[in-house]
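Take a look at the structures listed below.
Below, chain A partners chain B and then partners chain C, in two separate complexes.
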Partner chain A sequence: MADFLQLLVAGLATGGIYALAAIGFVLLWQTSQTINFAQGEFVMVPAFFVLAAMKLGGVSFPAAMLIGLVVSLLVLGLLFKRLVVDPVLRHGVLPLVISTIALAIFLKEAVKEFYAADAQPFPAAWATTNLAIGSAVVSAQNLVIIAVAVVAVGLLQYFLNATRTGRRMQATAQNPGLARILGIPVEHMILYTFLINAALVALASFLVSPIYLAKFTNGETLGLVAFVAAIVGGFNQVRGAIVGGLLLGVIDNFVAAYLSAQYRAAIPLFLLIVVILVRPQGLVGRAEERTV
Partner chain B sequence: MKSGWIAAAALALAALQAEAQQTVNMPIVIELSGAGAVSGTNFRDGAVLAIDEINAKGGILGRKISAPQSDTQSNPGVSRAQVQRAIDSNPYVILGPVFSGSVKVNMILAQQAEVPQITGAEAADITQAGNPYIFRTSFGQQMSMPKIANYIRDGLKAKTVSVLWVNNDFGKGGRDTFVKEMAARGIKVLADLSTESGQVDFAADVVKVKGANADAIFVYTNEEESARFLREARKQGIKTPLIGETTLLGQKVIELAGEAANGVRGHVGLTVDAPIPAVQGFRERFFKRFNYLPDHNGLKGYTGVYAVKHATERIGKFDRRLLAKTMHGLTIKPEQEPGILMEATWDDKGDIDRISFLAEVVDGKQKIVQILPKLGK
Partner chain C sequence: MKIPPRARVLAGAAAVALLVAAPFGLKPYGIYLLSLWAVMTIAAIGLNLTLGYAGQISLAQAAFVGIGAYTAALLTTQGWPLWAAFVLATALSFVIGWLLGYPALRVQHHYLAFVTLSFTTLVFLILRNEEWLTKGVYGITGIPRPNVLGWSTQMPVDFYFFCLGVLALVSAATWWLIRSPWGRAFTALRENPIRASSLGVDTRRYTLMAFAIGSALGGIAGVLYAPLVQFIEPTAFALGLSFSLLLMVIVGGAGYFLGPFLGAAVSVLLPEWLRFTEGLYLILYALFVMVLVAVCPSGLIGLAERLRRPAAIATPEPAPPDDGTGSS
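On to the complex of A and B.
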């Protein structure tokens, strides 16, 4: 029972990080039909913004995190949209997919070339103590990750559903043409989505890097799992990405502990195939019909 | 005009040939990216430091060392191609790689070309294949595991143990040797867990080794994975003694794992924290040059180059076959060659023997608690 509880908490913590990255996938797809295959690298890079600010700027860790967040908003939000998405998207989704794959390679190699090829220690912004719950020892770090992910998702849901800007963003996602006729500044709404995605990946990066260590390869697995989580949960629903992320995190830990550590990487893909065959709209996604 | 160009080309060729004759080619084929980047970068920097020192004093037999570097990307296939490229440049020796899986697939090329290869790899079977051109710079697992096993039996008085190892040639070789040594001492292995190279999430693995409730946990993974495991073990409040080899107690692991490394114990074949003045001097020179503290791989690269220098000066000429022959059975003492740092002996298979250490991480520093003599003494 103690093992079960520890695995569940660890899985939810991992899943929370997957969910943050998966939400970004969904948001970008919903508002701008952007499938960002550099999303994993987007989670990897902010940690290096922080480390570079500390190393080169000599600033404290909290200040470096703030700088990391701002640079992420600029580079992974604004510049990504203006320099990659806007010029390529008008030629179709496939060229954009290829462009984001190229961007992923570029980001990885740039970090390797200009910062380090080996793993770097990344400070934790919270205590690394443990809590004893019965015979189980639960990491405070994992609880903080779960709490931060829950709060971030809650705030996002509140923003999207209960604020004027959020509802305008939803209108843009549902029908950009009609939204434009109604006077909604569609371009601004799409830009906000990119900025939200940049903030979410920065948050995921700050949460995961103290555990995984900061390394240029970190995005490879994260990107794939987050993409699968978004599809498993439902690519057209933010709540689908949350469900998919948490589910994959928990399943990954239980499979590694009770079935096989060697095949754990295959489980998300296996789950993906099952969902596509049985419920292609995802576990909590909505079926969409298109006619010609 | 045409004859002028030909004359210029001939002069340039002659100049290149003259330069080639004035240098000795020792390519470094090493892991500079991928899972082995920590090990490879340390090995490379140690070798570069030694080469610069030797060149500053006039080189080997009056010829300066030229050491072009190539990255194996920690990939055995790439390493094989890089070793072939190095062989095509007519090297005197090849330095590296460190990863056992890479050395296993590329050492046959160096052997066929009769080029001595100075490796940092530790898998036991590398020197058992009858290759007369392979030479280690640190203990093979068949030398280090008995020392760890004795410590677990006599130092910890453990009756049971859990083993967590990385599923590559290095980890598999170490695990097999370790389990054999445990059986020979009547110590029961309660959990035997393989992990993947480059693995980032160790939550499930820590739960499993913790659940096995053994007297000690032996961890045999590469440096980055070791650090991630230690962080997770700390998160889950593991109290069982964590025992390992150099890849668990190395400087880079301590740096990456932070306070989670405190309390880790084990055997280290090479360490810059050794209470030996020559090693301390190397540590200072290395830090001054590269601005980070080296791990055991830095010592491997450094001493490997000096071993080649000493053996070459002993034979008095650049002869690859004679160099390999001379290094078998060779003992180099620091009085003869200060760069060797500690007395070292190579046997007829290319395995190295030297003193080693039992260590513990205390307050973020590796503390040597015992010096173990050479096995041959």
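On to the complex of A and C.
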């Protein structure tokens, strides 16, 4: 039972990080039909912005995190949209897939070449002690991750559902043409989505890097899992991404502990194939009429 | 392309002559690269059928190259002849490719990209973990090169000609295929599946067929790859190779017959000429792909075509399908 609780908490923490990346993924798809194959690299890169700010700028860790966030918003939000997505979007979904695959290679190789090829320690913004709950020992780090992820998702949901801008963004996602007719500045709304995605991946990066260390190859699994989480939950729903992310995190931890550590990476993929064949709209998603 | 047929024949003959003469001025490493180019071109031709002609994105090609390579390695190190590996690997890849096509019937584009990506990762995990069969991360060494009707291909030059011969056969078969009713049905599938279906094209069968044939060519490339490098291990067939093959097809020009030849050359040979850039090569290549896709999604051949006809700027589409692609 103690093991079970420990694994569950660890799984929810990993799942929370997956969910953050998956939500960004879903938002980009909804508002601009962007399938970001570089999403994993987007989670990998912000940690290096922070490390670079500390190493080159000599600033303190909290200041470096702030710089990392701002640079992420600029580079992974604004520049990504302007330089990579906008010029390719008119050609359709497939060229954009190719372009983001190239972007993933670019980011990975650039970090490797200009920063470091080996794993870099990344400071944690919180205590790394363990807490005893009954007979189970739970790391405080995991609890903090869960708390931060919950708050972030809660704020995002509040923003999307209860504010004027958030509702305009939803309208844009549902029907861009009609939104434009109603006077919603669609272009701005799409840009906001990219900025929110950049903020989410930066947050995920700051949460995941203290555990796994910052390394240029980190994005490979993260990006895949984020996508699987989005599909499994339901590609057209933010809450689908949350469900999918948490589910994958928990399953991943239980499989590694109880079934097979060698094949833990295969489980999300199996889940993906099963969901696509049996229930393509995802566990909580609604059927999408677009894919004719 | 409206190049006169005679010029085309001449250009083709010159290219073949160049390929035949090329190894004689080169060191063994240069010959190895040319052979690798031939092998990768075969895999890219397969992917071009699936992606370029039938319009189904696939990131599974590395897995089929891996299946082919391991089939060849396991059989030939047990004393079987290489042709047996060709037969078995082609059949195996064809059947698995056919099965992998089923998800393509249900989902499109990005979903399909991730399903096939998952497949590559699953195959990689099996190659790495099932040590009783594949020797896991230690890989398989001492893969022999074949004797073809008494002609030993032990030397790099001989093996290069063997690869070139297989490439020639594959090219001829593909050339025939894309001009056959099948190839036209593939194109119809890409351009407008609903119209194709209303014209009587069995879209279901042709989607599966496009996957199966493309995958079989991946398997054939793998069978050549194993005796070329003579040592194989799982990481060679991980996702990186799938991405690399996909970029080859796109950079060369998806849906053009010559696209894979050009794309494989850019991907295999160019890094050697750009040695001086050291680690920057992949960064530059990635940037180049991003710019190319933005400027001209139909690749280098599409770009060349557009430069030849500056009047028609707006339509970089590959050759449109003929009408009445149906009954076959």
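Operating definition for what follows: the second predicted complex is superposed on the first by the 289 of 292 C-alpha atoms of A that agree within 3 Å, B and C clash if a C-alpha of one lies under 4 Å from a C-alpha of the other, contacts with A are read in each partner's own complex, and residues count from 1 in each chain.
What we mean here is this: contacts are C-beta pairs under 8 Å (C-beta built on N, C-alpha and C of every residue); 3 or more make two chains touch, one makes a residue touch a chain.
Just so we're clear, the structure is a prediction, and the values are computed from it rather than from any experiment.
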item	value
Fit or clash between chain C and chain B when superposed on chain A	fit
Touching partner for A:95 - first (chain B), second (chain C), both, neither	second
Which of chain B and chain C A:57 touches, first, second, both or neither	neither
Chain C, chain A and chain B - angle at the middle CA centre, rounded to the nearest 10 degrees	70
Chain B versus chain C as contact partner of A:228, first or second or both or neither	second
Contacts of A:185 with chain B and chain C, given as first, second, both or neither	neither
Which of chain B and chain C A:154 touches, first, second, both or neither	neither
First (chain B), second (chain C), both or neither touched by A:112	both
Touching partner for A:262 - first (chain B), second (chain C), both, neither	both
Shortest CA-CA distance in Å separating chain B from chain C in the superposed model	6
Chain B and chain C footprints on chain A, overlapping residues	112, 262, 265
Touching residues (chain side chain A, partner chain C) in the complex	35, 37, 84, 87-88, 91-95, 97-99, 101-103, 105-106, 109-110, 112-113, 220, 224, 227-228, 231, 262-263, 265-266, 269-270, 272-273, 276-277, 280, 291-292
Of all residues in chain B, those that touch chain A in their complex	32-34, 37-38, 41, 167, 193-196, 198, 200-201, 203-205, 207-208, 210-211, 224, 227-228, 231-232, 234-237, 252, 255-260
Parts of chain A lying in touch with chain B, wherever the complex brings them together	3, 6-7, 10-11, 14, 112, 117-121, 128, 130, 132, 137, 139, 141-142, 210-213, 215, 217-218, 221, 252-254, 256-257, 261-262, 264-265
Residue ranges of chain C touching chain A (in the complex, touch as defined)	57, 102-103, 106-111, 113-115, 117-119, 121-122, 125, 128-129, 194, 239, 243, 246-247, 250, 279-280, 282-283, 285-287, 289-290, 293-294, 297
